[in-house]
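Next up is a structure, given as structure tokens.
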Amino acid sequence: MPASIHIKVINGNTFQPMTQGINESAQAACFPGTEIVTTQPQAGPESIESYYDEYLAIPGILEEIILSQDTFDAFVIACWGDPGVEAARELTTKPVIGIAEASMYVANMLAARWGIVTTQHRTLNMITQTIHKTGFSHRCVSIRTTGIPVVETETARQATLEGLEAIGRLAIAEDKVEALCLGCAGMSGLDHELEKRLGIPIIDSVAAAVKMAEALVSLHKQTSKALTYQLPSPKPILGFPNHMQPVNFQR
Amino acid sequence: MPASIHIKVINGNTFQPMTQGINESAQAACFPGTEIVTTQPQAGPESIESYYDEYLAIPGILEEIILSQDTFDAFVIACWGDPGVEAARELTTKPVIGIAEASMYVANMLAARWGIVTTQHRTLNMITQTIHKTGFSHRCVSIRTTGIPVVETETARQATLEGLEAIGRLAIAEDKVEALCLGCAGMSGLDHELEKRLGIPIIDSVAAAVKMAEALVSLHKQTSKALTYQLPSPKPILGFPNHMQPVNFQR
Amino acid sequence: MPASIHIKVINGNTFQPMTQGINESAQAACFPGTEIVTTQPQAGPESIESYYDEYLAIPGILEEIILSQDTFDAFVIACWGDPGVEAARELTTKPVIGIAEASMYVANMLAARWGIVTTQHRTLNMITQTIHKTGFSHRCVSIRTTGIPVVETETARQATLEGLEAIGRLAIAEDKVEALCLGCAGMSGLDHELEKRLGIPIIDSVAAAVKMAEALVSLHKQTSKALTYQLPSPKPILGFPNHMQPVNFQR
Amino acid sequence: MPASIHIKVINGNTFQPMTQGINESAQAACFPGTEIVTTQPQAGPESIESYYDEYLAIPGILEEIILSQDTFDAFVIACWGDPGVEAARELTTKPVIGIAEASMYVANMLAARWGIVTTQHRTLNMITQTIHKTGFSHRCVSIRTTGIPVVETETARQATLEGLEAIGRLAIAEDKVEALCLGCAGMSGLDHELEKRLGIPIIDSVAAAVKMAEALVSLHKQTSKALTYQLPSPKPILGFPNHMQPVNFQR
Amino acid sequence: MPASIHIKVINGNTFQPMTQGINESAQAACFPGTEIVTTQPQAGPESIESYYDEYLAIPGILEEIILSQDTFDAFVIACWGDPGVEAARELTTKPVIGIAEASMYVANMLAARWGIVTTQHRTLNMITQTIHKTGFSHRCVSIRTTGIPVVETETARQATLEGLEAIGRLAIAEDKVEALCLGCAGMSGLDHELEKRLGIPIIDSVAAAVKMAEALVSLHKQTSKALTYQLPSPKPILGFPNHMQPVNFQR
Amino acid sequence: MPASIHIKVINGNTFQPMTQGINESAQAACFPGTEIVTTQPQAGPESIESYYDEYLAIPGILEEIILSQDTFDAFVIACWGDPGVEAARELTTKPVIGIAEASMYVANMLAARWGIVTTQHRTLNMITQTIHKTGFSHRCVSIRTTGIPVVETETARQATLEGLEAIGRLAIAEDKVEALCLGCAGMSGLDHELEKRLGIPIIDSVAAAVKMAEALVSLHKQTSKALTYQLPSPKPILGFPNHMQPVNFQR
């Protein structure tokens, strides 16, 4: 068991209030011996609501891992969708956990039928693909969206809560869900109030991921370097700084 | 965060040496603030290698939960196959974690392609069903068996290790796995040596489950009582003691 | 062709009126040359509506097979969910048929799209898993529940009929089913009246299973002992009587 | 229960020796009270080994049903692939059973893992589609072919047997099958010898279908006319005789 | 690149007005250098709305390919359901394209979530099977039917349009489709008006197939003769003319 | 039909020789009236062989689309894996086609069983995910890799050819494929020689995508803007130039 576990939580977007909200959830969730630093990428969109947003966010997320590999024991990517998580695993032997997958593992241990509630309607396909990537296509029975933008999960907290309650009630009544994952890092902290209102477990995905990170570090487990997640091979990558060139990666 | 987390780890069978081995792995895996008690059912088979074994083990496993609901914060069912885990979740609001599911969550965070190595050849179908129940039919790419009985995972430690190494090499070469779950509680503790020999992450399923239990307790999450995992309704159950009668369950 | 076919039909629960109802359906369904004995376990719950009920019913169901192997040519497990059917197949070379699977085979021969109607809402996940275990996840298009307890399928016959009619109409209108399986042994005998009301084939699952048992016996087929369904290996099973110890099984 | 059950077994092809072989298996499998007539279409290919063969066989198969609806209680389509079975179900309320589906139901009751052995290599995709149509894509674990033409299953009986034994051994060793369906009506009658050689249940698909037909008739079940299998609507069909015109179908 | 591409478009039914409608769509869709001939089988039903219709249409469709193999570079089967397409591919090395598959490829390139709108309610299962055969079971999220017969897609054009608009609106609102394939060749030409009304891409399946045919010819690609689509082996086929006997096929 | 079709083919990487090779294949495949411009991103990796490479390539690929929306009728993303294709579809109403999906559509029209051959062993999981994204998880029966880096598909042409031939033979013999897609844009142009050696259709993925682009443009079809592929909403994206800011996108 390490004396102390250091986890870097990386907000997927560059919206500072969300970084702060994520940090609060992460700090509240960790064990006493865990030290958490929450950051946001230096480049990337203010919120991730489209594939375009997501793909422009990923290089900045990956840079956050490259820049502080030696300092941390594990990394959390705090955007439901787990943007870039496969690439992040290539970059380091330290565990990298996405909040989407973490929330689904937790839901799967608490309920036989569970679902996802999230933000914009347009993310339906992104959510579907994230569930498949994690492996739970046959377990998740509901995906519902409020239509409220990501940024407003921080700035219009009350409306977000009410939107989530409304779709949560539909998910229970029509899809027979028994637990729900909050499908956006900006929703962190709303789980307790929603749980009261809906009467079923509501998973704070950031908190879930912090616990998974602590678990993997404590188990001394490292990302497999056998095949898929090998370090990227050295080659020039035009337009990116030196520290992002694979030739400079520590081998 | 609770001052201290109390977890009951329940060996699925009645083979005392395995209970002891499981206890060692569980104690080694937990955080300092966690207290673990490892037990075995008062009734049931010496090992679980068939459906018959499994179904005769489950009432005893469930009794272990009924008997000590108030004393513990979470329960781990330490038999790969997660026997009775759905029923256990009906009996308590405390989280119940199976070692099979826990090991698969960990593998899924460490590797893109992973598999299971286990004991008797005849368990192939049981393993397949466990993977489906957990939800990972589309993620697990290999199931291989040594043909060595469960009891010998404790009594013929060296042969078990060599058997696992042999099928592990096949899983890597032919199925392209990048991590492996040890598919039997009796294999607990062999992960480090196997990891050295095979060069990929090997998941000790008992250790993984302990970490998941700590995570869920720390998150203050409880099993959903919305539908599937409601408390069993009161009705006579012939041939079982008073404390196992639903009419006596605390409601 | 055997001179006469002897089938033991085992009610999964210990509710005597249901045993009687099952017997009536079974006797009505069999060929003249078939002799049917319907029993119920000596231990187990009054009805099976939860995983807990199911797992406490299974040892008693298996005992019914162990006790009369030499006397019967085939066994039917008369509880939709086919509790313990895999273990039962390990115990004997005689065919063992679950009423769930039998009803689905019949539905599959009569209709392109079919579904299941059953009792308590909470059984939704159990039903889903039974369908998957049998192999029909891609064929069954509807699962609907009345919310009426199992015992009342016998004691409140009229309410059960009306509940089934109501969800049957929804299954036809919304899920486009063309046939329905009665998802509880207690519903046996309601098929004719429901068929009149709904205008589509309604499968009495007990009757279906009796026909499958006759078919397999007549084909001289035995359960495969090649791998999964081998006889359980000899080992002590604490808390169970001598006749349930594998060491005493005839090999 | 009908006084006597009349079943028409329709060989899918026009090879008389195969019609005779099918008849022998069917007669041997039926209950004493069952009367079986085995026929072959008046038009169609000598054997079905390609999609072309299959599609040219189907009109003749359907004609066999149209011509004798009033005389029989059920129909069996005796070609593994169940050619035209959906259309046959449109034409009559009497049960229509394909030998492929029947064999798979039987295998599914006898073994946890099973497979298909059949004739020409080129039929691999046809077999795969038949398994999916029936619903067993997740249960069938092996498809293997001898490369021997259909006609030779009758004319080169010994070579067929040896070819089946060889691929059967591979299916057991490599695919871990525990039972096998004979994937061609021409293989009927080889099940006993193969069962002796391979030591696992071998399903004679024709025999299996006869038992299913008896079962459905005895259950008084009829094909659903709710949606998919409604009678074809009246419309001119150029180039086909009067009795095949839907306008002349009894409504 | 061939100087000119010759495509034979085969209406699946024998309804002349539909052949004409198909021809108009096909002519409108092709490149200037493409020459299209649209025909209909000499035998077969006036419309394809049941499996019976489909199977009686297929021999006539296949004859259209046999009769003009040397004259054309590719064939289009213009019936959503792609009747006989696998057999057609056995008969020729020239590409054969079904309009169902072509429309789904186009939809898949334009939208993340798409569906099918078509004619009679009873075709629901046929449509489902066509989607599976093509491979898109996990991509198509909606199948809806107007209940209007195929023939009326030509004779009651306005009612068809309104029916399609109505179910299209439901598909958008309830199933969240972003594009729709017109699931009947008779609907060809309605795509532009429907696109205006519904505001999402509507795929004219005939037009889509013509483009796929041009693409494959231009790529000089031929149907694989490696296994499934080998030429049918020589054997007598009773009741069919000489030119349909495999012994007379050019090898 | 547009007077002339303008297609921009975007090499996914920044390796100029590959851009040139892609251009040759694209020019050879297009119709006379089509004008093709092949480019490569201004930023990004020399080759795409890892998730890291892929995610660092995508912003540059998207920029290529943003920069020339008005000039082209369609875009092809010339990297097997279709990097960024969903985001590209958000950016424009013009059709965007990935070479992976295009090659699979073509394979699916030519063969019942097909597979993918590609470069580095580590890409196995990426390939698997691409197949799922396109929808063909149930159709593609083989994925094999040469182990040869992407760059060498251009610089070591002969070794690449031999590597492909070797794994192609295995795919035919062991996986029973009947056609193969070249799973890397660098392999473009090797299809004819491989086709000769292996005797089955080999799909040049770049050529296939050009034909799909021509088809969609000719059909006047545009990407659906109904839900998933709506234009990204205006929001600041740190670290990206003005022309990549959604606020500047033409609405």
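Chains: A, B, C, D, E and F, in written order; residue numbering restarts at 1 for each.
One rule holds for everything that comes next: a residue touches a chain if its C-beta (ideal position, glycine included) is under 8 Å from a C-beta of that chain, and two chains touch if they have at least 3 such contacts.
As the structure is a prediction and not an experimental result, all values here were calculated from the model.
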Key: Shared interface partners, meaning chains that touch chain B and chain E   = A, C, D, F
Message = Suppose chain centres are the mean of their C-alpha atoms. Which chain sits farthest from chain F?
response = C
Task = Could you work out how far chain C has to rotate to sit on chain F, using CA atoms and steps of 5 degrees?
result = 180
Remark   = chain C and chain D have mean C-alpha positions lying a whole-number Å distance apart equal to 27
Inquiry  = Roughly how far is chain A from chain C, centre to centre by C-alpha average, rounded to an integer in Å?
reply    = 44
Inquiry  = By the touch rule stated above, which residues of chain A touch at least two different other chains?
reply    = 86, 112-113, 121, 124-125, 132, 176, 227-228
Inquiry  = With touch defined as at the top, which chains are paired up in contact here?
reply    = A-B, A-C, A-E, A-F, B-C, B-D, B-F, C-D, C-E, D-E, D-F, E-F
Ask   = Given the complex with chain F, which residues does chain B contribute to the contact?
value = 112-113, 176
Inquiry  = Give the list of chain D residues in touch with chain E in this complex.
reply    = 14, 41-47, 49-56, 58-60, 62, 84, 86-87, 89-91, 121-122, 124-126, 129, 132-133, 149, 151, 227-228, 230, 232-233, 235-240, 244, 246
Remark   = Seen from chain C, its contact residues with chain A in the complex are 121, 124-125
Request  = Flag every residue of chain F that touches chain E in the complex, lowest number first.
outcome  = 1, 29, 31-33, 86, 95-97, 101, 105-106, 108-113, 132, 134-139, 172, 176-179, 199-201, 203-204, 207-208, 211-212, 214-216, 218-219, 221-224, 226-229
